[in-house]
Structure formats: C-alpha cells, structure tokens
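Labels run A, B and C following the written order; every chain starts at residue 1.
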Amino acid sequence: MHHTIDVEHLTFRYPNRPAVLDDITFHIEAGERIGLVGPNGAGKSTLMLHLNGILRAESGTIRLCGMELGEATLRAVRRAVGLVFQNPDDQLFSPTVFDDVAFGPIYQGCSPEEIRERVRDALAAVHMEAYTHRVSHHLSVGEKKRIAIATVLSMNPEILILDEPSAGLDPQARRNFIHLLGELKQTMLVATHDLALVRKICGRTLILDSGHIAGDGPTDEILANRILLAQHGLLED
Amino acid sequence: MFRNALQSVCRSHRPLLLGSGLVLVWLTTTAMHIPDGFLSPLVALFFWGVTIIAVAYALSRVRVELTERQVPLMGVLAAVIFAGQMLNFSVAGGTSGHLLGAALAVILLGPWPALLVMTCVVSVQALIFQDGGLLALGANIFNMGIIGVFVAWGVYRLVCRLTPDARWSRLLAGFLAAWSSIEIAALVAALQLALSGTSPANISIPAMGGIHALIGLGEGVITLGALSFLMAVRPGLVSGKGPEKTESSLVWVGGLMIAVLLAILSPLASAHPDGLEWVAEQTGFLGAAQGSFYTILPDYVVPGISNGALATILAGVMGVVIVLGAAFLVSRIRKTPTSG
Amino acid sequence: MHAHLFDPYFSGASPVHACDSRIKLALVLVFILCVALAPVGAWAALVLYFATSLAAIILSGIPLLKILRRSVIALPFALAALPLVFTTDGVPWISIPLGPWMLSPTAEGFLRFLAIAGKSWISVQAALLLSATTPFPDLLLALRAFHVPQLLVSVIGLMWRYLFVLADEAIRLMRARDSRSGIEPGRRPGGGVLWRARVTGGMAGSLFIRGFDRADRVYAAMLARGYDGETRALPAPPLTPGQYTVLTAGGTWMVMILLLAILIR
C-alpha cells in the first residue's frame, strides 16, 4: 500500500491542443527504481508535474502511497512525494542552503529543533553538511543538484521523482551523483536521457513517446531491444 | 514652459550658466538616486513618512488581491528590473541611456504590486550597492516608486482611453507613460534638493527637467521596444486595462493629476526661487537644525574663530587617537592567534 | 551610475564581521542620521565622525583603500551642490565676469559645499562597511527585526537570489548583441540611436519573458515543498547582552558628538 505509485488512464491536454498525455497506465511497487525514458517532447516532465498535483489531469486516477490525488489530499501527497526539478536554480530559491532545505519542514509545521535536525540529516544524506550556510548562487551545478535533493529529503518523502538528474554534470560529478542515488532508500522514478544511469540503478524502465507508454519491462530487456529504442529515438549508436 | 524657465535663469541676479553646465554633466553620470547628505533631515524624514504610509497601503491592497503565485512573480520581476537597469545603449558622445523600469512594471503588474517591486529594487540598490543614501531612501522610493509608478499608470490609462484599442495605441501609451515617469520623478527630485537648500531651484529644476527630458526619451523607446516584443510573444500580458479586474479610476486619475500638478508647479518654482525660499522659511522646513536657507557660516566662524579652530584641532587629535587605537587593537588581535 | 554586479560582501573574522547584523544596521542608521543632523560648520563633529568610520573600517580588516575607492561613488552627485558656491550670501572672493554675467564664489558657499560633500562621503563609507561585513541573508534577518513587512523581505530575498542569474542572462544578451555589432572597415556603423534603443527594448522584453517563465517554475517548486501562500521563517536567534552593549556604546558615542556640536555653536 505504501510507497507506491498507481496511475490509471491518465489523460491531459492544454486547452485546444492535442493530448500531451494519452491514456497512461502504470504501477510502481514500493522500493522500486524506475527509469522513465523517451524523446524530447514525449511528455516526461508533464507526467512528473501530475504526480504531485501541480498539473491536474483531464481524466484518469492517480494514487500515491495509497492516497487518491485530489484537493483534500494535496498537502499530504506533496509531503510524501519529493519532486526534484531539472534546473536546480528553480529549486534553490532561498538566500542560503539552510533556508532552502528548511523550507519544506517549515511549511510542514515542525518545531525549530526538529527543523534543524531534519536539515542536518538531509544534508548528511547527500554529503553536503559543510555547505549549510553557503549562498546557493556560488555553488557548482553538481553541488546545487545535491542540495536540491536535500531540499526534498528534509520532508521525509516516501517517493522521489527526479527530472534529468545527471544533465549538465561533468563525468566525475555524474559518477558521484549516480552513486548517491544508489544509496537512497526511497521509491524512485527517474526521467532521463542518460541510459547508462538507468542501466546502473533502475531495475525497470518505462518508455514514454508522444504521450503513450511504448514500453514497460526490466531494464536489461528494454535497453537491449535496439528496434524498440530506434522506434522511439533512443538509440545512442 | 521650459523656455520660460531658461529665460528666468538668465535673468536672475545670480547667473549660473557654469553651474548649470556642471549639473548637466553630473546628471548624465548618475541616475535619480540621491545619496545621503544632500537632503536635509526634515525633508528626508518627511518623505520617509509619506513613503511608509504609501507602501503600507500598497501591502494591504496586494494582500487582498494577491494570488499565491504573485510572490515569486514579484521577486523575479524585481530581479529583472534590477538586471535590466544594467542594459544600456550608447547615445552619441559616450554617454549612455538606462532603463528605470517603473512604467514597464506598472503596465505588466498593475500599480500596487509595481510599487512594491520598485520599493524592493530601490531599497536593495541603496542598502547593498550604495546607489542612493539610506536616510534619503524614503525620498528615492517616493520618486522612483510612487511618482514613477503612478504617473506612468495615469498617463498609460489616459492614452489608452483616448485612443482606439490597437497595437499602436498601446505602444504610444507605453512610450508616453515611460517618458512622463522619468520626467516628473526628476522634477520631484529637483524640488527635494531645492527644499533642502542643496541646489537652488532655478538651476536644479530646469537642469533636472531638461536632462531627464532627454533620458526619458531613451526610457520611452526601450519601454516601447519591450512592449512590442512582449505583445508579439505573449499578447495576454499587455492590455489597455492592466491586470486588475476591478479598476478604480481614482488611482490612475490621481496619478495623472499628480503629473500635471508637478509639471506646472516646477517651472513656477524655478522662475521664482525667492518664492520657494519664502515658502520654505514660512513652513519652517529648514528649522533650527540648519539655520536659515542660505547663510549659516558667517555668524559661526568669524566671531568665534579661535574657538572654532581649537575645537577642530582637538577633534583632529582625538580622531587620530581613535584611528590609531583601532589599528593597534587589530594588530594585537592578529598577533595572538586564538585558533590554529 | 549603476550597480556593480558583484557581491559586495568581503569575508573576514573581525569584530565587525562578528557583530550581529541587527546591531550593525541600527548603528549605521544612527550614524547617518547624526551626520545629517550635524549643523553646517560643525567641522569638529565631522572630523570625529570621519575618524569613527575610519576606525571601524580598520577594525573590520577590510583594506582601507578598497572602501575609500568604492566610496567615491557618490561624489559626482556633489556637483549638484556646486552652484551653492556662487549663490550663498557672503563676502565674495573674486568676481569673474563671464559674458554678461558675474560669477562670485564666496567662502561661505565653498564651505557649505564642502560640508555637504563631506557628509555624503562619510555616510557612504558607513553604508559600504555594512554591506561589506554583512552577508546578505543576515541583512534580511536585520530587516525582519526592524519590522519590515514579511512580504517585502521575501520579495527582496527572491530578487537577490535571481538577480545574479538574470544578470548573467543580461550579460549574455549584451555579448550576443556585441558579437553581432561588427563594423566593416570603411563603412559607418548603421542603425540610429532609435534603432539601438529598440533592440535594447527587445532585450529587456526578453528578460521579462524569461522572468515570467522562471517565476512559474519557482512557484511550482515552492508548491511542491508545501508552500501555501503565507510567508514563514524560523525565529531569529536572540541578541546577547554583549551585542546590546555594543549598540548602547556606539549609539551613545555618536549622539554625544552630535549634542556637543549643537551645544557648542
């Protein structure tokens, strides 16, 4: 029941446009790590924004951690589902790292001591304790991405959703980052172009193309299927 | 209007063409941000009072109408205006024009959020970059925020009302709104300087008014260009009414009246500097703290010259002692390392 | 005169850096107010205030020349007061005929001009020291303590955060424009001032659009972490007795100078 994602017949479109997401159905079990791949414009980011209620579906149901997503459950869902955006600059909007990581707990109504503890633990989980009082602007992309994860971890989420986590990182930073993702315990959905990352940490892979699920299976199988990959613009060589 | 002012400058018994020229040079190198020391405490505190009341009111209006997404919107747009002031374009001869942004802000956000945005921009410029003083901040926010925003709003709405609903009329309205916001704000700044006894009205007003008439053209054209771009890319952003659904005519009519009033008042003040001096003395603007409008020193220095000199010398000695003391303290602290 | 887009904070471990930002802000405001209230001609007071600001700069460990160089910022504005040299009543030094006019600078006028320029210069130094020794987040804390409305503090915080991001974008836009502003040898540069202003306007519009888009994304990020429209923050740490002592001592010193200056005249 817990730590799960259940999406059934999800459809979404912008006004007067063709459907961006068309009858999407998939299930993610607790503790699974799923890679979500697909060409640009497939609808990956749009799908992610549905999973914490920022965008509302036209039809279909979304169940997160057993809760059906709706007006009443919005706040509970946003606590349980941590969404890490593609551009860390959009996510680090507070003056200091501490302020950003504390943002979630503050809005959850935690006491000052609890907030400090959560910030400490979250930064420790991403190995960035030394950066607590730094100003976000002066950090490198890799550092910002780690802290962006910390801003979400401090809310004690059950599910983590990441949008293009390895984009823009140099090889060393990317390697460290992938290792970090491997350490985290939450149920994970990772939207990415980085097939090597998917191979490394995701047990299952979903292919999204033009708003449809075009593939759903164990990572090794999907990524070995060159015809399938070629059909959806994912072939790398 | 401007010609009369110029004639009065030439006619006055303290001709100051040289002074005007220098003021012009100064004006092209600085914007409208008045530093500390140039406004008398009374003028500065008066405008602080007015600004605080206006900003408090704007906050209450914005809280009522605020949707949640407007907080990040205001923050980011404030950053845009700040950064936008870095954009420049070269006018002939090495001087450059800059963007103030009040007109664009009000056309996109409406008067009350725009006032708050300009307040934040001007405050940070003063606090962090010393672009404008801290005591003078109230007056600067008044000039660039309140006057800038409301004059632009008044002119924009007026022109939109008087012209048919078309693309060219929005652009014209934006241009005129931007120009007026700069010009009127400059006149107010000049008046503030005159009332403080820093810059005689018959120089500051024509000089500020004249130069900013030119700078205002730049602001107008940049605003026009920005609006043109925005209308092409995001037509919904720019409308004749502004983003507020419930429009109070009082606001934009008020802004317009302020503009007209100041436009008439300033040349009058500059044509009759003695009149302004008379007003200032009558209302006790420059009261006890500063003595009368122009003459202070003769009573102080001449008869008590020995006291004055002695006091200054003593102060100098004390000052040197203080400075040396600080330096000594610092060197002692450095010599005894407390951490490894 | 426009913003130098660098972070003015100069890190260090001096007593001035360690002083709480709320105390520093209060002291700077009192300082500037006292300087402004000092009667014209109270040169002794101005010298003492100058010494105080110099002492504070030295104590902070920030290179003196650095601050003094930045403090020159406000001086061009002093030209606004220059006409006072000629308009103030008094005994003229000389009379310079200039065409049909007579320019007569007076000693009183000159001293008055110096007083204004001097006060301005000293005030700028105090403000400079504040921003050089206080990290921006601490200044926000000080603003909150001074009861600046929370909405404004949040907007200022967001503005600061995205200022650098947008300034980078503005610089990139300007570089792109400059890269396309090559001039062929033998030809005059084309496009008038008006055209150039329109291009700049387009760049400004572009920044606004990016601003709107970014604001949407930031709003989504805030929502995702539980934002509900109220602005909230952790309570500020309490001030220690030591800090209060510094405040009282500094404040008393400055007010004393002012009182003496007023009484002695």
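Here is the rule we use: contacts are C-beta pairs under 8 Å (C-beta built on N, C-alpha and C of every residue); 3 or more make two chains touch, one makes a residue touch a chain.
The structure displayed is predicted, hence computed values, not measured ones.
Asks: Starting at chain A, find the fewest moves between touching chains needed to arrive at chain B.
Replies: The fewest touching-chain steps linking chain A to chain B number 2.
Asks: Of all the chains shown, whose C-alpha centre falls nearest the centre of every protein C-alpha atom combined?
Replies: Chain nearest the centroid of all protein C-alpha atoms: C.
Asks: Please identify the chain with the largest separation between its CA centroid and the CA centroid of chain C.
Replies: Greatest centre separation from chain C goes to chain A.
Asks: For chain A and chain B, what's the span in angstrom between their mean Cα positions?
Replies: Between these chains, centre-to-centre, one finds 47 Å.
Asks: So what's the Cα centroid distance for chain B and chain C, whole Å?
Replies: 14
Asks: Please report how many Å separate the Cα centroid of chain A from that of chain C, as a whole number.
Replies: 42
Asks: Multi-chain contacts only, two chains or more: what residues does chain A have there?
Replies: Residues 93 of chain A each touch two or more of the other chains.
Asks: By residue number and range, which residues of chain C touch two or more other chains?
Replies: Those would be 136, 157-158, 160-162, 165, 214, 218, 222, 227-228.
Asks: Send over the residues of chain B in touch with two or more other chains.
Replies: Where chain B meets two or more other chains at a single residue, that happens at 72.
Asks: Could you list, by residue number, the parts of chain A that touch chain C in their complex?
Replies: For this pair, the touching residues of chain A are 49, 52, 54, 75, 78-79, 82-83, 85, 87, 89-96, 99, 102-104, 106-108, 112, 115, 135-137, 151-152, 155.
Asks: Provide the residue numbers of chain C that touch chain B in the complex, in ascending order.
Replies: Against chain B, the touching part of chain C is residues 1-5, 8, 14, 28-29, 32-33, 35-37, 39-41, 43-45, 47-48, 50-52, 54-56, 58-59, 61, 70-71, 73-74, 76-84, 86-90, 98-103, 107-108, 111-112, 116-124, 127-128, 130-131, 136, 139, 149, 151-152, 154-163, 165-167, 169-171, 173-174, 193-194, 196-212, 214-216, 218-219, 222, 227-229, 231, 264-265.
Asks: Provide the residue numbers of chain B that touch chain C in the complex, in ascending order.
Replies: 14-20, 22-23, 25-26, 29-31, 33-38, 40-41, 44, 55-56, 59, 62-63, 66, 68-69, 71-80, 82-92, 97-99, 104, 108, 116-117, 119-121, 123-131, 133-135, 193, 198-200, 203-204, 218, 221-230, 233-234, 237, 289-291, 294-298, 300-301, 307-308, 311-312, 314-316, 318-320, 322-323, 325-327, 329-330
Asks: Using the touch definition up top, name the residues of chain C that touch chain A in the complex.
Replies: Going through chain C, the ones touching chain A are 7, 135-137, 140, 157-158, 160-162, 164-165, 214, 217-218, 220-228, 232-235.
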